[in-house]
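After this come two complexes, each holding chain A, first together with chain B and then together with chain C.
Take a look at the complex of A and B:
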């Protein structure tokens, strides 16, 4: 009694106002642990008797526990298979790029205002690498390291949103056409075919020519050109899932078409789509860089491609200014590619590259 | 019979798709703000009186066929695609030139730098795909897979600039001036006055036909570095499908049967596996055609190579309506034709697929 009170008091001192939260967490943890339910003495005895007298008796609890253990094991094998040396390299690349993109204020010594202002285009200050500027300076005397760190934020933003657009619309088209079938399928797939034939570059150019040189239109154009791959993959894997029994069960239970499509079929058709997302991120990063290299970018929003374009005219005087943004692009694309490879090997080894 | 039906069906779909895409392009181009003739009008009428400007505007609108109703313009455009009347260029450099003639000049140049790397890339990818699939899990496989991943994630335009730098600053210095490739342009400046009659549009073939061997060699030298860029940009994209196609085939039962009946390993790989792996690989050839369209724009801009990609970019920057439309027409035609050819070829090569 005395001992228990002492313990709680100490514990309260230690946890402070979070004591109740801690208790709740412990309780939940305890509830979540694998344990045999109905472990009273009487039930244990009944089970023992059944085990003795019924042939082939197996307690349902044992099945449950085995299932739980299997789940943990499969999770472990997933990570063990995922963490090959190449994927670890990819994770390191992406961590670096995301560190740059999410915390540019911490990663670089310079603020956004110091590197984003284009002061005098006719007298650019290209300086050799020094202690103050480890990768040299370029453009309007800005630090190239800081500039790359800041531009990774905007480049990644554009590519992520483009992939998101393609992902959502592509999956909608693919699953609806697979589930509906018939003429709906035919028309939707022809629309998707038309998107394939339409070159992404021309689409981006037209958008920019119509609505002006803004980043969101590059994003939308890249997203639209990414739709067909998602639509085709989603359609193929949804067609496989459609013929399975649980879809019929859902229909029999009276689920709506929308629910069957997006709550039953879609979660089972995830894997190839997720693998595709990582590859598409790599491709989108490169295309964003390419488009901004061609000059379709806003000059006060730093992007890697635009920096390369600006440094190109001073290439022989200051090669460092054109080399480093490219290194950043390569690191980003390489990270996405390596992780995509690793994910594909783990999730779906027979998946072909599309 | 069903094959012929399938081909006819694909052909009809291609035609419908072409018409729909052209209509979409038409609508999109119509959305571009400002009249297309504003820019030439401003250029032609410096210091004119307002009523004179109005007269010239009407004249220009009539010349470019823009005074007709909107629907008639669309009809003109569709008939023009087949009669070769693709409109007139509005740009300052080629004012009132026929777009079709300009494309006839530009397009062979692009084809000239893309077609050889395209063939070389596919041959190399097939060969190396076979090698890596056979040596699966060994050092050679790892090396080439790593190489493919790195090549896939390199931005092509950056590689082009790096090669330009290397071949001007580093390579001549290292090789004591032995390798000194030209890094920019179609041909050296000393040949600018040299006239070559237009026969095929390919500068290499034309110069040979005109019996000018020095110009031919010069053109070939200028083609080397752009071709290298194309090769680097596309090789990784083609090697990975080649490997996965070969791996798919090698796991089949008939390969085991071939080994069991006593074929030599060389025959098993080259005759049984490799030929069957080429069939699914052929579908991926369409992919690099799409790539060359966008890749051409970057490479031509960087190497100052007046091809169709550069023409398109400059047309878009100058809002040169008819030129944009001409470029889109030619790209869509190529893309549709190649996709159609691949589908039909696949149906012929692999009789097992259903003609759906």
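Take a look at the complex of A and C:
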């Protein structure tokens, strides 16, 4: 701090009546930083004497305190690296979407029944934005704002569960195949390759054609098509970790196969997987929207893609009905993507320098 | 009625989600502090019970009421039940864990007695035979694409009870491979082709991988070269030590936790007694007060006032005592978890290893410790179950000299304390002279000379050991050219015929390039594998010794 500023900040003029209080507070703060556990006044006095008269004296406790502070600092640097403007934007986007998804009753004036029901499909009531309906109305004269808010709940539900299915099964497959090696690895990875061949859309067609138009089949289709990416990433990083010495040391300490796989190797292979999750969430929300745009959605359940599809034929008459769901989709996808970018920069700082 | 198709659909899908919740609950369990962690066996049980209850309720309602509720119902029920389990564990006295401990105590004493019996029998056997580890003709090959690497070919040695055996040799002569193949830690291109590894009379090579897990870390352990890489970087040091106990000493952990549960019951009964006493006192005080009000307000009865004061004093004393008891109760309860028992043991062993502040070190990650500390932690992990045999694979090469000496002193001291035999693998003869009782010198997959340390250093018989000892630079002499063993380390894929050392040997004579030397016992307990000392070729050796060859140093 500059000397002038210091003088003004700690002067009597600056603090006025509270000068004494400030002094006392600062003194207390100082004492608290040096005060240690089980410390009597006498010991502290001896330490002060040693500090002033012995050259290079340092209490071991001070080292400990410094270590703790360093730890906290490293955590702080983690957050600072994370909080770039772009990731803050992503966090804000996601907070908005999550607020819509978790508390739709509070976020909108309308209940689910008022929005989701078609009164007359052949006589849609599109209305321009007004004070009562800030984003206009669409479909069966429902409020578009409320409709978007409610549909964000279902879109997020589908994409989250799809990602969770892909995450768990993919990691299991990847790590088991990496650790086992040999023919087990070969067979498992060929199965995973077979999943790559099926695009998510076609799998969803298949399931819906067989079992009917239900939400869970869309989730399963998206989840299955997401497996190979996780399996391959998990396998690659587990193969890298498997060759390291601590795996041998763990074996020499008597750990079983599964303990080594899931307690030693998996935590070391986390980072690329976590980054992949955020990107996959963005992709999954987009593909959910795409599926429902094509009509693979339950008619009772509002989703963004379905709304866009419904408003498509009235595009010139009522563009707002088509644009606003699209805006919601971009907010969600952008939020996940930006947070994924931020996470990758924090967890893998080497990549940023490249 | 719900159609069966719907039911099956929902079961399959919610099964997937239950899988996710099991995964998450295990993840949470691994993250929370050791006081509140749940043993994995109980976690599995709770997950299974929650699954059974949720599915049961859901299927029953489909058949009774015919409601086709969503798949979310069993899923949410399952999640709520598992959450409840965690909550109960967290807040209400860990009853589940306590019951589990009690249940596991049922056959525990017999099991522990059986273990002790086995151990005693083994100890008696050891006292009779005195051979702890007997390696006979161990052969390990690596099947690479370029050819078969014959890393270890017919190594035999014995380790006796409570002694330190050194294994010396150049790099790439198969020291580490013998150590790894004792524990069967050889990686896939490598394979143990033949031989026997008898540990207290049991052949380890014939055991399956699950049977040998019980030996690793429990009876035979290993310290690796590089302390930085041999600790898991993302696990706290304490958890890595605790894991060894969880692998091998589950019964003993439950035993100690069970003793604590008895203590808890005792304190609990004390607390209840005191509560009843307090209630009685309170009642009597109110009775006296009521009587005073009934009789007359104006007349002050001094006696009853005194009685009231006495009783109130007693009450305050009782309150203080209950407070102390409650504190004790909470403390003992926190200790009764098997994880906190294991943590206590870990702190003890870390203190034994010479780390001053064990509680603080246990919560650190390996990268926060210095190299010497890390090696100490590795030694602590190795000695956690007080093993019979410790294999130390160059434990001091990655450390600087002062810390080397500290670690060596520690190993000496711990060897006496824990009575473990050590197989010490180094290329440093000075270290061997300081620590070991006997030495085995290895060259290119064979043991070349093997016997007591004094004899080997005084009068080395084999030309290779002779060269090794000559090659140690001495501080007191100033020499321009350092002594070396001429020639190159042989290629292990195409090794030289006969004695593998013959291309580099000064005293090479007729049988050397063709015949493989056998181990010859020159003195009781002292072996050499060299044709020079073979009584067969006694006549030919004179010429070889008198006219040593000069060998050119190849630079490759």
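What we mean here is this: the second predicted complex is superposed on the first by the 278 of 354 C-alpha atoms of A that agree within 3 Å, B and C clash if a C-alpha of one lies under 4 Å from a C-alpha of the other, contacts with A are read in each partner's own complex, and residues count from 1 in each chain.
Following the convention adopted for this analysis, a residue touches a chain if its C-beta (ideal position, glycine included) is under 8 Å from a C-beta of that chain, and two chains touch if they have at least 3 such contacts.
The shown structure was predicted, so the numbers you read here are calculated from the model rather than taken from an experiment.
S.K.: Here chain A is shared; do chain B and chain C fit on it together or clash?
M.R.: fit
S.K.: Let me test your reading of the model: by the given contact rule, A:165 touches which partner, first (chain B), second (chain C), both or neither?
M.R.: Touch partner of A:165: chain C, not chain B.
S.K.: Which partner does A:44 reach: the first (chain B), the second (chain C), both, or neither?
M.R.: Once the two structures are laid over each other on A, A:44 reaches no partner at all.
S.K.: Based on the superposed arrangement, let me know which partner A:80 touches: chain B (first), chain C (second), both, or neither?
M.R.: A:80 sits against neither chain B nor chain C.
S.K.: In the superposed arrangement, does A:23 touch chain B (first), chain C (second), both or neither?
M.R.: A:23 sits against neither chain B nor chain C.
S.K.: A:317 contacts which: chain B (first), chain C (second), both, neither?
M.R.: Touch partners of A:317: none, neither chain B nor chain C.
S.K.: Identify the partner contact of A:206: answer first if only chain B is touched, second if only chain C is, both if each is, neither if none is.
M.R.: Only chain B is touched by A:206; chain C is not.
S.K.: After the superposition, what is the least C-alpha distance between chain B and chain C in whole angstrom?
M.R.: 12 Å.
S.K.: Please give the residue numbers of chain A that touch chain C in the complex, ascending.
M.R.: 64, 67, 161, 164-165, 168, 181-182, 211, 214, 216, 219-220, 223, 244-246, 248-256, 259, 263-264, 267-268, 270
S.K.: Sort out for me which residues of chain B touch chain A in the complex.
M.R.: Residues in contact with chain A: 13, 16-17, 20-21, 24-25, 28-29, 31-33, 146, 149-150, 152-158, 161-162, 164-165, 168-169, 240-241, 244-245, 248, 290, 293-294, 297-298, 301-302, 312-313, 316, 319, 324, 327-328, 331-332, 335-336, 339.
S.K.: Okay, in this complex, where on chain A does chain B touch?
M.R.: Residues of chain A touching chain B: 86, 190, 193-194, 196-202, 205-206, 208-210, 282, 286, 289-290, 293-294, 305, 308, 312, 315-316, 319, 322-323, 325-326, 329-330, 333-334, 336-338, 341, 350, 352-353.
S.K.: Give every residue of chain C touching chain A within the complex, in rising order.
M.R.: Within the complex, chain C contacts chain A at residues 9, 13, 16-17, 19-20, 23, 30, 71, 183, 185, 188, 210, 213-218, 221-222, 224-226, 229-235, 243-244, 247-248, 360, 368, 378, 381-382.
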